[in-house]
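Have a look at these structures, which come just after this line.
Look for chain A in each of the two complexes below; its partner is chain B in the first and chain C in the second.
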Partner chain A sequence: MLNPKQFAAFALMAVAATGSPAAAQLRVVATTPDLASLAREIGGSTVSATALAKPTEDPHFVDAKPSHIVTLNRADALIEGGAELELGWLPPLLENSRNAKISAGAPGRIVASQGIRMMEIPAAFDRSKGDVHAMGNPHFLIDPLNAKIIARQIASRFSQIDPKSAASYRANLARFNARLDLKVAEWQKQLAPYRGARIVTYHKDFVYFAPRFGLSIVESLEPKPGISPSPAHLASVIRKMKATNAHVILVQPFQNRRTAETVARQTGAAVLNVSQQPGARPNTGTYFDMMDNLVNTLAGALRTQ
Partner chain B sequence: MKGRLIVGALFLAAPCLGLAQTPSERARRDSVARADSIAKADSIALVRELEKELGGVAADTGTAAQAPRGSGGYMNIGFTALTDAGWSTEPDVGSLQLGDHDPHVRGFTIPNAELTLDGAVDPYFKGFTSIVFKLDENGETGVELEEIYVLTSSLPHNLQLKAGQYFAEFGRQNPQHPHSWAFVDQPLVLNRMFGPDGLRGQGMRMSWLLPTSFYAEAQVGIMNSRGGTTWSFRSDESAEIHGGVPVEREVEGFGDMLIVPRIATSFDVSETQTVLVGASASFGPNNSGPSASTRVYGVDAYWKWKSATAQAGFPFLSMQGEALFRSYDAAERTSAEDPTHILPEETLKDRGAYAQLLWGIKPRIVAGIRGDWARGDDASVQTPLRADRFRLSPNFTWYPTEFSKFRVQYNYDDRTGIGTDHSLWFQFEFLLGAHAAHKF
Partner chain C sequence: MSADLQVVWEVMKWPLAACLLFPPILVYLGLHVVEREVIFVDLALAQVATLGTCVALLMGYHFDDRATFWISLAVTFLGAAFFSWSRSTEKGPVPQEAIIGITFVVAAAGVILLLSRVAGGKEELEHLLTGDILNVTKGAIGQRILVFAALGAFYAAFHQRFVLISSDPERAFASGIRVRLWDFLFYAAFALVVVSFVRLAGVLLTFAYLIVPAVCGTMLAQQWMKRLVIGCAVAAAAGLLGLWTSYQLDLPTGAAIVCASGVLLAIVGVFVSIRRRA
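The block that comes next holds the complex of A and B.
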């Protein structure tokens, strides 16, 4: 005869055997692969997380494809970067998704920028200064301590919309934080010898990363955010790189490597293929892998300078 | 290692050197100090966060400094202006460029300056308004409430209702505003079927997102069939189609309304390619007689390839095409030109198509070509609007940023019975205010 505990265990096993585990998963849609990766870290096997943007795709310029409408229509939660990162493509998708679970203000609508100490919030809205974001620079997830803040928000919201798995989300969050603490220490150690090193980026997309690891961004190849590099600006970048002894240019997959190479030829700098998105570089399926790749690539280049 | 020690020693000694530092060294020192300060502040914050976590999953954080600004207001406001300049071998440009937002004259023209307001009305509706300002050939300003509608945001069963004045969702280009067009002017076939401003009117539209694993959407709109923008139906201007004196006809029943059904589906053919196809129709009464009606059918297709590593959306290749067929039952009617002449009852059949190819060569540069074709069957009255016509339009667009564009377009135009014309148009657009999201 089964006691109540054994009976409950047996019943749970029976339900698990007959039911489809996939059907019970929380369907999470993230706008970008880095946010999807955090969702997987916190959700574990309880959630299925997909990203709308490809890892190699510029998150500012994603096509609002009809298939995305279907994905959003079935989502239990949406994680967006916010701070106008997806302003050019997400609104029409949401308008058509007809999903109250992810409407603005709903528990399933997670805006990553909330709770982040935003950088580069413009004092005045002026497009003569380029395509600046009114709510600040949206490339904040590249700072691992911001990943921690976002992970906590994700765990909180997942627990709210799926209370039965709250303990699991909490445990996953603790595990994520513990691992991240170790990795942050490791990444700090790797880059410690190069504190104060000057780097150049294509877009203003490493402004959260650089101060975290004691690096200094001397210039961007774009003269202003979203404005294509002009020869005059590149000439000034070259002068500045020579004057400040900057030897590294970071380029993401969707940025113009040839422009960076032109500058590199004049300055002897190394052009590094890096990405802020898991999956864009080989063997970088998770946020940790992506950060490992970024730190290793950067440390390797700075070491050889 | 030795080198690193020397650098480290120098670095530690740097603050003592004081005035001996160069500006770049001082900047570097400041940068490192700033980084240390941030790291220290964050580590304190981190300890507090971890303390909170020990007590459970903490509530979401949010500070006053991160309160939405600008885009977080009650309403997004955008203002787009399209200006044209150009020349044509046809002196009467209006007979060549039939669209309401086409360039109307040789020289300069501002056919479209559009003020858009949109935002959430409340938790249940989203509102959109588009007010168009235009300057005519005499420099007189006209104002038009082009669209004003609400859209539901929380209907069950994947339904969505739109109500107000809006562009009918017929095909691909009809619902698009002129600043989204890839060419200076409107395709000939859309002009022929729906008039200079497209098919637009007051009514409501229900849409259903089908519960399929792929995108499929069915829509049906019911609109007033009368007005200047219901060209093939009870528009006052539709005499240009049937050649007779328009007959006044009041709305007495459902059959006097304009019905616009549409179905569309889309597939991601690969990681980089997407296809969208649709079929549309519009049925309603026309004013050639007391019980005459019109049927317009259309199919549309759009294909786009965009590189997986596209920079600012480039490079890309896209093809778009639409084909339309109209069956216009013209009743026995009095000729508009000669009141003593009675035109016979007949069915006027028109058809046409356009196809356009766009190549986003490199960031912010697009080359395009469009072929236009339209023809109408013989009828008892010949009108220029139903004459056979072919047009070929290569163009080139440069977008300095997302908020402005320069376009140059050449039109080779062949009108049966009139001959060929050559036109060259320049267009400039600027956008102020809210960033316009791009639909697929």
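The block that comes next holds the complex of A and C.
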């Protein structure tokens, strides 16, 4: 006798065997939701993409769970940010998942940072002094033109692993690029009135975004990427914000909002809940939704200043 | 389905090995700690070991570097020396519990201070507490089997002597045993076990494996051997239950094992109180 669970599994297998497209899907794992969203844009219905990090989780520090190893073990492709973004947590998971398809150098291993012009590459690096950005700032996907570069790389790798769907990946890439061009123009227009506006972030996570949209980042609350804010540093941030007339502090879900509020009380700034990850804010399932939400939130706050 | 089981096995086999192979020595030490009524000495030592790890991180070493282990061990030996000294200075006006508690709090605060200067300190702190038993490797297990086997032999050889100084220090002093020296050896070996296991499994899991099975054994039996066997069984059950729950519900593995051992302790407690009443 089959129990209900076994019966359901059996029925599912039977459905899969009758040739539903789900059976042939390329299984793609991305380290973060933004990369998973790009994989979905390019893969369409031909791939199923999941992210290891939750949208509200710090991509530098993800907690290992058994499901991560299982997902990696079964993956046909892995998309990682690279530039040491996942250095703290991905290597042991990968070692345990033992999947040759996504091992370093395999076609299934896609490193997003390859092909990106990296910013903030440190001249000298000392891990003991903090700094989680040893190879330059890894938060580059927040610049839509970088998303374009990564989408092209994803499309070419998908075509390499799965040549029979190459035409579909090409078409999806063209459609993605066309839509992105329209959206970038729209976002530029929305933020154009605030050209030169000064903003503050918690981590150095918007350094690719600001120049693209004509904003200027005055300071970050962390004295160095990955180092918790110290009172002395916060005092200097407050002085600088007053001197430069900066009125907006951007905080992501995993960052300490209360620190930002302390600074905001002294400076009269607005603390904005934003995220670089699709799904972290309500109704932001895709990269486009996420960028829409970010640009709207920012434009709204700058308007009322 | 069998392909599924294959994956489960691949993912969980080394954590499983760690949960079955290492607890016996922890349980043995836990029995001593319970007997000495210095329950929190291991939590304090585990925290001191973590403090040592943070010192190494601040010096620029990586968590997995060999130097980190030695620095952590050296700092923990200092803690061990301190505890053996504070215990063997006979009955002073200050109970040892107070000294242990202060050590824990100062070490914990020291960890916070040091980690505020280390990249991702907040997350690092959480990792040090909950450990990363899910990502334990074959190599790490092999190394610790060697260390723990050697220490196990050491404890077995001097078992009677350790039991005497744990359960009846006055008589040990009277019979001419150099209690201070043996106490230091006890705590030093203890520190080595704690440092090795904390690096693998975090402070919380180390404490849980040391104390919960030993307390269960002490509640259910009188003789050392029986207590040890019961303790090992409880530790193994907690490991299995925790790993299974962690896999099924996709929860962080170390914390799941700690909670599983808490559940087992509650069950044993209820069983004992019912048996007493009957």
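As a convention for this text, the second predicted complex is superposed on the first by the 285 of 305 C-alpha atoms of A that agree within 3 Å, B and C clash if a C-alpha of one lies under 4 Å from a C-alpha of the other, contacts with A are read in each partner's own complex, and residues count from 1 in each chain.
By our rule, a contact is a pair of C-beta atoms (placed from the backbone, for glycine too) under 8 Å apart; a residue touches a chain by one contact, two chains touch by 3 or more.
In this text, all values refer to a predicted model and were calculated from it rather than measured experimentally.
Partners chain B and chain C, brought together by superposition on chain A, clash. When the two structures are aligned on the shared chain, A:Met118 is found in touch with chain B, with no touch to chain C. By the document's definition of touching, of the two partners only chain C reaches A:Ser230; chain B does not. Judged by the touch definition given at the top, the superposed model places A:Gly88 against both chain B and chain C. Within the superposed three-chain model, A:Val70 lies in touch with chain B and with chain C [touch as defined at top]. Applying the stated contact rule after C-alpha superposition, one finds that A:Phe61 touches each of chain B and chain C. Residue by residue along chain A, chain B and chain C are tallied for touches, and B comes out ahead.
Looking at the shared chain after the overlay, A:Lys189 reaches neither chain B nor chain C.
In the superposition on chain A, A:Ser103 contacts chain B only, with no contact to chain C.
Clashing C-alpha atoms with chain C appear in a single stretch of chain B, chosen from 58-66, 76-84, 148-156 or 328-336: 76-84. Touching of chain A by both chain B and chain C, each in its own complex, is seen for residues 58, 60-61, 63-67, 69-70, 73, 88, 92, 95-96, 98, 127, 131, 226-228.
Note for the complex: chain A touches chain B at residues 54, 56-58, 60-61, 63-67, 69-70, 73, 84, 87-92, 95-96, 98, 100, 103-105, 113-118, 121, 125, 127, 131, 134-136, 145, 148-149, 152-153, 155-157, 159, 166, 169-170, 173-174, 177, 193, 195-196, 198, 210-216, 226-228, 243-244, 253-256.
On the side of chain A, the complex with chain C involves touching residues 9, 58, 60-61, 63-67, 69-70, 73-74, 88, 92-93, 95-98, 126-132, 224-228, 230. Those residues of chain C lying in contact with chain A across their complex are 1, 7-8, 10-12, 14, 57-60, 62, 116-124, 126-127, 132, 134-135, 137, 246-247, 250-253.
Residues 4, 11, 24, 27-29, 31-32, 34-36, 38-39, 42, 46, 49-50, 53, 56-63, 65-66, 68-72, 120, 123, 126, 151, 153-155, 158-160, 209, 212-215, 217, 264, 266-268, 271, 274, 276, 304, 306, 308-313, 363-364, 401-403, 435, 437-440 of chain B touch chain A in their complex.
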